[in-house]
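Two complexes come next, and they have one chain in common, chain A, joined by chain B in the first and chain C in the second.
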Partner chain A sequence: MLEISRISKSFGGLMAVDSVDLSVKRGALFGILGPNGSGKTTLFNLLTGFLEPTAGGVRFEGNELIGRSPEDIVRLGVARTFQVVRFHKDSTVRETVWAAQSMHLGLRDLFRTIDAPSQRDLAEEVDSILERTWLKPHADRLARELPFGLVRQLEIARALATRPKILLMDEPASGMNPSETHQLTEDIRRLRDGGLTIVLIEHDIEMVMGLCDRIAVLNFGRKITEGTADEVKSNPDVIAAYLGTKKKHAHA
Partner chain B sequence: MSYWFTIAALTGVNVLLAYSVYASFMSGQVSIGQAAFFGVGAYVGASLTVLAGFDLMSAVLVAGIAAAAASVFVGVPTLRLKGYHFTIATVAFAEAVRVILHNTKYGRPRASGNVGDQWLGPDGATGFRHIGYLNDNGISTGQYAVIVWSIVLVVVVAFFLVERSRIARILRTIEEDEVVARSIGVPVARYKVIAFVCGGFIAGMSGALYAHILTFISGNDFVIHLSTIALAFVVIGGGQTMWGPLLGAVLLTVIPEILRPIREFRIELFGLLIILVMLFRPTGMISAITVRRWGSALAAKARAKRPTQAF
Partner chain C sequence: MYFFAIDLTQTTIDGLLFGSTYALVAIGFTLIWGLLRILNLAHGVTVMVGMFAGMLSATIIGLPFYLGILISMCAGALVGFLIDRICYRPLRAAHELVPMIATLGFWILIEEVFIKIYSKFWFRDYVPFANPFDGAGLEIGQIRLRGDYLVTLAVATLLVIILYFLIYRTRLGLAMRMIAEDHDIGSLMGVPVGRVLTTAFLLSAAYGGAAGYLLGMTANLAGPYAGSQAVVKGLFSMILGGAGSIPGAIVGGLSLGVLELQSSFLFSFAYRDAIAMLALFLVLIVRPQGLVGKRTADRI
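Let's turn to the complex of A and B:
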């Protein structure tokens, strides 16, 4: 579904992403693991058109993504969430999701209010997204009043409103407590079971290992390995680059 | 009385000018060049009634369209850029327009008139005199104030409808964070241009209405000071909601007039007011939160008024 071939991005002399190949199959729950600064977010920015690669290509369902604008790429069905939460603070939760439906709508719909009778189907879609992301009871609160864990859910809800085929999630669990992370893991699995392909960036090893059916590990912009959780775990390069030092602390 | 009718008409003109700033302000674009579109509207509108025999309404509409065309010219190349480029471009464009208007001469000689005042139409630095449409058609200042405020009403209603629609939410998303807007598939540049061009159209109508009250305009009426005042209407009234520009423009036009008796202090007092608002209410006098509170208070009242079901 998503084919990334030898993609590279350099900032000045620094190779942020160095000739990475990845292939994500339809229905996959694909994890990209790597320490901070290993090029994960840069990779997402390349896939979603926010950055131009220095070299390489990305095909999504047969369409070349490189050279397209971010808004065109979303239209093809590639949605993303952000590591740093971003939303319009003076909108309510419901309005935030509602606004994100816009790209599928005609001019007429854009001038309708949220409670207009002609918009009922769209409003129901918003409700169902809010339900799935645990935001329904908070629908009429301002986005800025949401507790942190739910703000992450709002990021997901907004991305879902674009009706994506594939969802790229940038550290969705960052800043969450263990029970929230656990809940999120369940949610992500449910989204996948609902037919969405998911690519997840994380540095929470436990989460990725438990959740993803295929994992790639990046370090200094290069892919060191790719495989199932067990394959990745036993790879000596991974242990050296990442798990070796960190695991001791994590399990202390 | 006629003096206050003139103030009323000018207030309406300023409200329109404030909305012309607000249109692109909604998408986070600050224009300090609305004087240009106001000026283009004034010259086009006046030329149409004086030289081409148009009626007022058609002239005002065509003036709006001309100003909108000018704003396409500024907006398309600059709104793709981020940050201050757009704002600077609007300032530069407004200066250019002012100089052009200051040096424009077309029209025809007047049959009567004193020496040096025998030209109908813009006459370079001398300006555009004898915009006599109201006088020639027997429209009183009071009637003119009604005409101006009818147009204001249409614009206010339009903004009221837009404000509650999805499009406003999208513009606000662009204002807050363009990256997010693009990530939900919003063609950001296109939305910004459309918002700005709508602003240009309103400024053009406003300018045409202004020309007909003043009956005499010149390039120097459309200096950067006018653009900054227009921006101040929005910033002081409140740029987060459509009620802000209305309140800002009305207060900032009427207060200086009321303060006229204290003469030399009025400008200082006016300045003090601006500083106080900026200090204590950086969101402007009316913020988005204020409007939401009023909205829910009104809804609660409506619910309370409804007859309760019998037990």
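Let's turn to the complex of A and C:
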């Protein structure tokens, strides 16, 4: 579904992403692991059109993504959540999801109000997304007033509203407490079971190991290995580059 | 003294009514400024094209007022579409000054070409613009409200109400507010930035077109330099009120209307623009963010 071939990005002389190959199959829950600064977020920025790669290509369902605008890429079905969350300060939770729905809509829908009769299907879609992301009881609160854990959920809700086929999640568990992380793990699994392909960036090893069916490990911009959780865990390079130096809870 | 007070009131009211045209021009500027931080210098072209589309429909074809306004808005919107496609879209990745210079070029090019064409058809600086409300009016005691000014205010008010509805109630408006706050983040919020911005250009230009019609009608004249004048008046109003703020554009436009007529009345028509500029200068010393603008660039 998503084919990344020999993609590279250098900033000045530094290779942030160095000739990385990845292949994500439809329905996969793919994890990208690596310490901070290993090029994970840069890789997402390349996939979503925020950065132009120095070399390499990305194909999504047969379409080349490199050279397209972030907007086009979202429209093709590639959604993304961010590590640093930004919201419009005067919008409610419902409005935020409602606005994110606009990507696929025609001009006529843009001129409709949130409660217009012709918009009932779209309003129901918003409701269902809010329900799935535990935001329903907070729908009419301002987005900026949400507690941190729910802000992360709103990120996911906003991404879902763009009707993605694949969801790229950038450290969704960062800043979450263990029970929130556990809930999030369940949510991600449920999204995958609902038919969504998911690529997850994390430095929380345990979360990725427990959740993902395929894992790639990046270090200094290079992919050092790829495989199932067990394969990755026993790879000596991984232990040297990541686990060995940082012990088990590697919160870099 | 009594008559002076009456005249002063009359002038103020005329200024407020007429200032609504300036407010419409300033709204067009402020929409694009608020969303993109681009000074759309080609905005005057929408006013000029709106004015001539109105002149053609009102004077030459003889269409009724409301149809003329609609035609002017459509003609203006067409110009807005071109501004988006020529001056903004291809250059949006460039430094923000680049699209602004492109709008400057667009303005000069279109105006020069238009003046060449204009001078083939008409041999005067101005052509008459039919004013169906000429001579009509409303007397309230000693004060007289000119019919065309009242109509102008009514149209401007209606357009402002529509704009507020669009911005605060519709999906488009929410998307615009999101883009205005954080331009880069729009598309990752799932907002179709390109489409929303095109719509904003169309809207801004349609309001410019309506302003062109109203300016032509109230002056009974259409001239090829109307666009350049509108750029000056619109920018003045926007900055006086507070750039990027719609209430600011309204307050700025109405204030400019009053300022101009009062300085003509109290001093001399010759000093009209000088006095208005002096007033702007003084306001900006005291309130650099404009009369109603907020200090921390709270846009739209």
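What we mean here is this: the second predicted complex is superposed on the first by the 247 of 252 C-alpha atoms of A that agree within 3 Å, B and C clash if a C-alpha of one lies under 4 Å from a C-alpha of the other, contacts with A are read in each partner's own complex, and residues count from 1 in each chain.
One rule holds in what follows: a residue touches a chain if its C-beta (ideal position, glycine included) is under 8 Å from a C-beta of that chain, and two chains touch if they have at least 3 such contacts.
Computed from a predicted structure; not experimentally measured.
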Simultaneous placement of chain C and chain B on chain A, clash or fit: clash
Contacts of A:99 with chain B and chain C, given as first, second, both or neither: both
Which of chain B and chain C A:6 touches, first, second, both or neither: neither
Partner chain(s) touched by A:120 [first = chain B, second = chain C, both, neither]: neither
Chain B versus chain C as contact partner of A:144, first or second or both or neither: neither
Touched partner set for A:80, first chain B, second chain C, both or neither: both
Identified clashing stretch of chain B versus chain C [111-119, 201-209, 255-263 or 291-299]: 201-209
Intersection of the chain A residues that touch chain B with those that touch chain C: 48, 69-71, 74-75, 79-80, 82, 86, 88-91, 95-96, 98-103, 105, 109-114, 158-159, 161-162
Residue numbers on chain B that touch chain A, as the complex places them: 161-162, 164-167, 169-170, 172-173, 175-177, 179-180, 182-188, 240, 288-289
List of chain A residues in touch with chain C within their complex: 48, 69-71, 74-75, 79-80, 82, 86, 88-91, 95-96, 98-103, 105, 107, 109-114, 158-159, 161-162
Contacting residues of chain C [partner chain A, same complex]: 166, 169-172, 174-175, 177-178, 181-182, 185, 187-196, 199
Contacting residues of chain A [partner chain B, same complex]: 48-50, 69-71, 74-75, 79-80, 82, 86-91, 95-96, 98-103, 105, 109-114, 158-159, 161-162
